[in-house]
Amino acid sequence: MSSRSVYNSWGISDLVGQLREIRHLALENRGRLDPPRLPSRKVLAQILEKVSAVLFPNRLGFPELSNESIDYYVGTTLDDLIRQLGTQIELELAFTKSLNHNSQDNGLSAADILQQFAAQLPTIRRLLDTDLQAAYEGDPAARSSDEVLVCYPGIVAITHHRIAHLLYGLGLPLIARMIAEIAHSATGIDIHPGAQIGDHFFIDHGTGVVIGETAIIGNRVRIYQAVTLGAKRFLKDESGHLLKGNLRHPIVEDDVVIYAGATILGRITIGKGSTIGGNVWLTHSVGPGSHIHQAQVRQEFFDAGGGI
Amino acid sequence: MSSRSVYNSWGISDLVGQLREIRHLALENRGRLDPPRLPSRKVLAQILEKVSAVLFPNRLGFPELSNESIDYYVGTTLDDLIRQLGTQIELELAFTKSLNHNSQDNGLSAADILQQFAAQLPTIRRLLDTDLQAAYEGDPAARSSDEVLVCYPGIVAITHHRIAHLLYGLGLPLIARMIAEIAHSATGIDIHPGAQIGDHFFIDHGTGVVIGETAIIGNRVRIYQAVTLGAKRFLKDESGHLLKGNLRHPIVEDDVVIYAGATILGRITIGKGSTIGGNVWLTHSVGPGSHIHQAQVRQEFFDAGGGI
Amino acid sequence: MSSRSVYNSWGISDLVGQLREIRHLALENRGRLDPPRLPSRKVLAQILEKVSAVLFPNRLGFPELSNESIDYYVGTTLDDLIRQLGTQIELELAFTKSLNHNSQDNGLSAADILQQFAAQLPTIRRLLDTDLQAAYEGDPAARSSDEVLVCYPGIVAITHHRIAHLLYGLGLPLIARMIAEIAHSATGIDIHPGAQIGDHFFIDHGTGVVIGETAIIGNRVRIYQAVTLGAKRFLKDESGHLLKGNLRHPIVEDDVVIYAGATILGRITIGKGSTIGGNVWLTHSVGPGSHIHQAQVRQEFFDAGGGI
Amino acid sequence: MSSRSVYNSWGISDLVGQLREIRHLALENRGRLDPPRLPSRKVLAQILEKVSAVLFPNRLGFPELSNESIDYYVGTTLDDLIRQLGTQIELELAFTKSLNHNSQDNGLSAADILQQFAAQLPTIRRLLDTDLQAAYEGDPAARSSDEVLVCYPGIVAITHHRIAHLLYGLGLPLIARMIAEIAHSATGIDIHPGAQIGDHFFIDHGTGVVIGETAIIGNRVRIYQAVTLGAKRFLKDESGHLLKGNLRHPIVEDDVVIYAGATILGRITIGKGSTIGGNVWLTHSVGPGSHIHQAQVRQEFFDAGGGI
Amino acid sequence: MSSRSVYNSWGISDLVGQLREIRHLALENRGRLDPPRLPSRKVLAQILEKVSAVLFPNRLGFPELSNESIDYYVGTTLDDLIRQLGTQIELELAFTKSLNHNSQDNGLSAADILQQFAAQLPTIRRLLDTDLQAAYEGDPAARSSDEVLVCYPGIVAITHHRIAHLLYGLGLPLIARMIAEIAHSATGIDIHPGAQIGDHFFIDHGTGVVIGETAIIGNRVRIYQAVTLGAKRFLKDESGHLLKGNLRHPIVEDDVVIYAGATILGRITIGKGSTIGGNVWLTHSVGPGSHIHQAQVRQEFFDAGGGI
Amino acid sequence: MSSRSVYNSWGISDLVGQLREIRHLALENRGRLDPPRLPSRKVLAQILEKVSAVLFPNRLGFPELSNESIDYYVGTTLDDLIRQLGTQIELELAFTKSLNHNSQDNGLSAADILQQFAAQLPTIRRLLDTDLQAAYEGDPAARSSDEVLVCYPGIVAITHHRIAHLLYGLGLPLIARMIAEIAHSATGIDIHPGAQIGDHFFIDHGTGVVIGETAIIGNRVRIYQAVTLGAKRFLKDESGHLLKGNLRHPIVEDDVVIYAGATILGRITIGKGSTIGGNVWLTHSVGPGSHIHQAQVRQEFFDAGGGI
């Protein structure tokens, strides 16, 4: 009884009023009459699980499926995710319109986008099969591509990326970014949905990888944890605002390997077949077949004690 | 039937008995009669979701809210989270008492703490609005502060931190730390709840960022992934035990930018308006307006093959 | 009504057919008649929660337990998790058999494995108590081992690892890896289940830590965020395929401390009691008591402006 | 493995095809192109729970509400149920239109109906307070109106009925009937939503009560289990079809008591203040103040054995 | 804290021990070594929901289905329910075997039963369409067969019965009875799964209807609430035990109507086209076209007051 | 978008205000300052499921239990339900106190009640075993007592009753009544928790059975559907209020059978071994061994047509 009274008088309506005033002020500052309605991260996470189930119905969907029933499962899961995704797309299209950024509008309706999204799912599955193959062949610890599929965070990241990149290209940068962040949260791998990535792509371990918006990655590229493909600097316009959309991230050609901790910055090109060593800091292009590593071993030995 | 018998005789009561003995021994070693009861991470995660919904009811709460209904939603969500938080606070206060660390007790009752926590929520919302503004202006890829709010892990981290820091200051270091770890798990950004952080704070990408307990960060500071604001070394007392609570982390003044991978250690000061370059290792103070970057490019080029 | 018709004609059966063809082709390429059935990550996550509850029933299980009821809770939770784990083990054993990798088969039945797994749980609890002790003593911010247990990601990681390593040794590398990845996703700490780790192990912060399959870590070792214990290079056989299973990761002897960002590669030995400084890159063995740090401070100071 | 094959070949696609043919044939027989979309019983059950919570927030909603928070709870629950009900109303209006029963259309939009529904909720609460009062005073076993509210099936039935009758009057006979059946299933009391019922209404025990569509019940009426207020016979038109909508059920005036098992059939009137005894079969009107009971005791006594 | 201690010492292990002794004694009394494992009512309820969804996918399954997606939904729901039902069937077959009632065994395997069950689903749908038609035509309050499908408890009862009767005929009397009781609980209509019921069957209101195991009901029969088709008496064998399985319930021929409360007992025949009036008590056969009603009106009138 | 605006302006705060006024008025009328807090039906339903699981752990709890694990399951389920029940008991005790009905207070604390409740659970199990035996022997359709346990609504009703009666005797009439109504809703059988019922009790079919508060039923009694053991009339005091608590329901001695639809009213005694026929109306005592049935067959035969 006494603990109940504790909560009876802490001034809830004052607090509600203060929060309302802040919200109104914030809307006013942004020149909006109404708060925007945004896609839901939780719903997108559900959709992503269903896309995985559609692409790999036995291994990531429902293992009890028989040969007779599998297509029914795929079809009904597809139907379900398309319906959910349709609602999210409509939210983003309405939000985009409310921003008055006309240049963003590519004229596609929600139905058009859904149609094109669905039509690309087989292509995504084919690409992911090449990614699985690359991981299996690239990691001495992997015993089968099945193990790669259900264990490797790099596969989670590239699956989300391939879907996010498709939606990004269809005019849904917000949903695409939310999907990328779902993968980032689960894996520590941060790939901007704008990045273009070829087939047979493999990220091992992955924590701390960052791949920027305008990066272009060729086929059969392998990347290790904590690699950054970033921008060297941000350009500003005359009034001091950041220039958006310029090409500022690296181009990585086919068959490149980049070892853990390497930092590659700016619109430079890493030539076909190159190898970039661990912890390398690289800000200019290198030709095909280059092997870059740190210039010197950076440690000394002390036999005696002493703090670090 | 046969698979059932498999599980019938694996010695469950022996195992239960062994585990009981270990528990009793562990309690004895710690001089406790009863095991402690601790706040629940799951409940705290629910509370955090509700705080987010209260602060941003349309965008992080329930998008269907009308102008007419929004205050009801805010009020009932507040009421709910305050009640849940009250129970968690009582658990921590009882736990603290059982530790006999009298110095921790600031004399605030659970009801006092709740009252002060609730009263600060508008301030937290105002600070978060400045953080959103900073992210929008600091990232060329951001199209709106709404996108920042629902996508950026740095916003997740600073939202949790501002709440955790408030509770830390109210005498709840355990709950505060648990909240910080919820954000750490979701974002890879590890901010100790003791750290003091000013307005317009922005962490981009974020994976691997570590900010220590006694760090002080000014206004308009921007930090990239894998930055460490750490302690240089841990001091020990005469008997070899770690000294707890001394000031051992950096002070970062207003308008500083720290690029990815920089490691800044010890109670040093980064002067107002400085820029710290990527991967820099810094263990002493730098004055206002300093621009620090790596002394030399650390790579060589090889045209020929060869292992890395 | 109109929005309904939008979704009525996007060609679901064509799409289902295309996906079926890709699946059949993929199976054919792998020489399989049927898709494999694999253990479930969601079920394993549930099992892990129950193992935590069995090992620490009050603190990680159900805080309301009385002295009278706790053994009942432990017993019934054990019974439940053993049953769930049994099903997952059978899935992996059948999967392994389908791979025709005979060398993987150690002849243990699911029931044998369960029996041995259960019998080792007390040992795991005892080891985890030493890990809690190490964290409490090693972190100036920790006030009690309870706080460590419910807050520290390093404890999550080592708990999962000790369970995963046990199952790995019992012939379940797939389940073991899935458990390791559950911890990796939650903490950013990536420990291969094959790694051998002694008692009193402590990882602080942890994001970005990678510990490889054949690493051996002694007792009382402390590791900070972003440390890599990796392979220097991968060996290939005459036909260009990776050699699997060779010893390629470091041995870290007792009482070693490795600070944040250090990269230690290859089958080298870090001698007992050594300290490896932050960001050090180390590819050869060092003797007992070594103190390794970066050869030079790598920054310069500029008073004038200029981009980084 | 073997049990899996059992389910692999039972002809799912044949069966799906047969069911499809039956569905198409059924639609054809009914002259429909598309199957109708109908309101959802599960959603209506949720809405009813919320209406109960709005009307009695402490006792049927959430007992932890404080004086300060209760209005927020009521407001947000109202907002929620109105939104859910809006969707259900739109489903029924579209369904009604598809039936081409123009006479059913009262021209009210979903928004109109919602507005009128909401406006009547205070009246419904006031009526239910009279029903609670009647039950408390009419049952020697009742200790408080609170006990009546949370225990008595008659209260469940009349609560559902008052809501269903309101919606019935607003042109939603299908939703109204579904709500009536939710109560029927929970209580065994079957009240058609068309029935008009005055204040202070009390049904005790209730199982088997049936009250027909055109029944009119005055104020302060009390009814026991297994009472029927039914139609005597159904009229047919010249072509042999049932005439729908004619007045065919009893009128029960104020202050009438009807004991268990009484059957009252046809458009007759039970005069004000009458008492109808248990198991009575009544098919013609009785004047005010009548006391009707069975003409004779219908049993004999046998001392000797013998089957019944 | 104090409330916690309340629950610490109420003697849980004594109580567990007493309950164990009772269980062991009960098993001993029944000559069993192990307790039986039985089908699960909760799982059967889920299966029934799925059967309804398969039979009426738009109206009782998922209203959002498009023409394109409906077959996928039907197929995957079928696959799911067949799998769940298979497990329940195996439980009953094992239970039956443990009873040593050999006569119950019809030699059908679980797979056989599933096959035959699935094959009969189209027939059940066709029968239910006739039941819907009968209800629509027989109730002046019904506006469409859709309304009947989603509202009428008689349809719930006959749907469950047709499924239960099919399983009863396939040698699963326990599952059949559990299904019948699920409907009984929801509707108050108690139909033994052994009863044979023709097409166009309609029960109105239904509460209190009881139809016995060996009853046979023709086509186009209509029954109202509280009708009993029961046994007149139970026969015993020489040792005083009940004789099981003899034909002891009525035969109701085609086109019969039985009004509310009629009690019809024993292996008698109600001739084709007969009408049985409300509350009639009938224990011998009547010929075709009979119209039976109560011999006299059973009430008197009193103008004066007086208790009943 | 347009549908959204529909819900934006329906006057939620007016409505909230009106409902608040009604609530305040209702409290005032009842002389209360605060609304009462009542036990929760949903929680009680969960508790009842757990009691069933404790009493019959394999058959109503969890069928996968092994001999080794069953006691752990029983113990932990007991612990859980006792804790939940404790909270509900405290709610009723506080509610009773707020009613100022001092006579209700038997001086037992919540802890006392829990202790006594737990101690009686073995007795309840023993009684239920006799009820199962009676059903199995009394119904020709029953094949085993297991079938009776999982199918028969009479068993659901008597299980709830035995628990409710125990709590009723311990001073918890409100919780007892709520439990009785849970069973009433599920089975159509309405037994007041005050009724005293002996062993080997069997209700067949059950819908419509009503057993009053002061009824006393001996051992080995069998009752069929729609039987009423009711009060003949309610006594009023001089001011016209109902007298509460007087003995007004029948006494049914050992070995009595009462067939369907019989109505037995008033504080009369049905002598040992009597049989009461179907639909009999009985308001005075009958001696031991009586066989009562309806005096005459109440129907006539008509060959010709004519409405009923």
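Letters A, B, C, D, E and F mark the chains as written, and numbering starts fresh at 1 in each.
Heads up, the rule we're going with is that a residue touches a chain if its C-beta (ideal position, glycine included) is under 8 Å from a C-beta of that chain, and two chains touch if they have at least 3 such contacts.
The model shown is predicted, which means the values in this text are computed figures rather than measured ones.
Asker: Keeping to the contact definition above, tell me which chains border both chain B and chain E.
Answerer: A, C, D, F
Asker: Work out the mean Cα position per chain and let me know which chain is farthest from chain F.
Answerer: Measuring from the centre of chain F, the most distant chain centre belongs to A.
Asker: Validating interface symmetry: for the copies chain E and chain F, is the fraction of residue numbers used by both over half? Same or different.
Answerer: Answer different: the two copies use largely distinct residue numbers here.
Asker: Take the average of all CA coordinates in chain A, do the same for chain C, and state the distance between these two points in whole angstrom.
Answerer: 23
Asker: Distance from the CA centroid of chain B to that of chain F, rounded to the nearest Å?
Answerer: 53
Asker: Two-or-more-chain contact residues of chain C, please, as numbers and ranges.
Answerer: Only 7, 10-13, 16, 64, 66-69, 71-72, 74-75, 78-79, 83, 188, 207-208, 226, 278, 294, 308 qualify.
Asker: Considering only the defined contacts, which chain E positions touch chain F in the complex?
Answerer: Those residues of chain E that touch chain F are 3, 6-7, 10-13, 15-16, 18-20, 22-23, 26, 30, 34-41, 91, 95, 99, 101, 104, 173-174, 177-178, 180-181, 184-185, 188, 190, 192, 194, 207-208, 210, 213, 226, 228, 230-231, 234, 241-246, 248, 259, 263, 265, 275, 277-278, 280-283, 286-287, 289-296, 307-308.
Asker: Please give the residue numbers of chain D that touch chain F in the complex, ascending.
Answerer: It comes out as residues 54-55, 57-59, 63-64, 67, 70-71, 74-75, 78-79, 82-83, 86, 110-111, 114-115, 118-119, 121-122, 125-126, 129, 137-141, 143-147, 150-153, 186-188, 205, 207-208, 225-226, 233, 260-261, 278-279, 294, 297-306, 308.
Asker: Considering the complex alone, what residue numbers of chain F touch chain C?
Answerer: 64-66, 68-69, 71-79, 83
Asker: If you look only at chain E, which of its residues touch chain C in the complex?
Answerer: Residue positions touching the partner: 4, 7-13, 16, 64, 66-69, 72.
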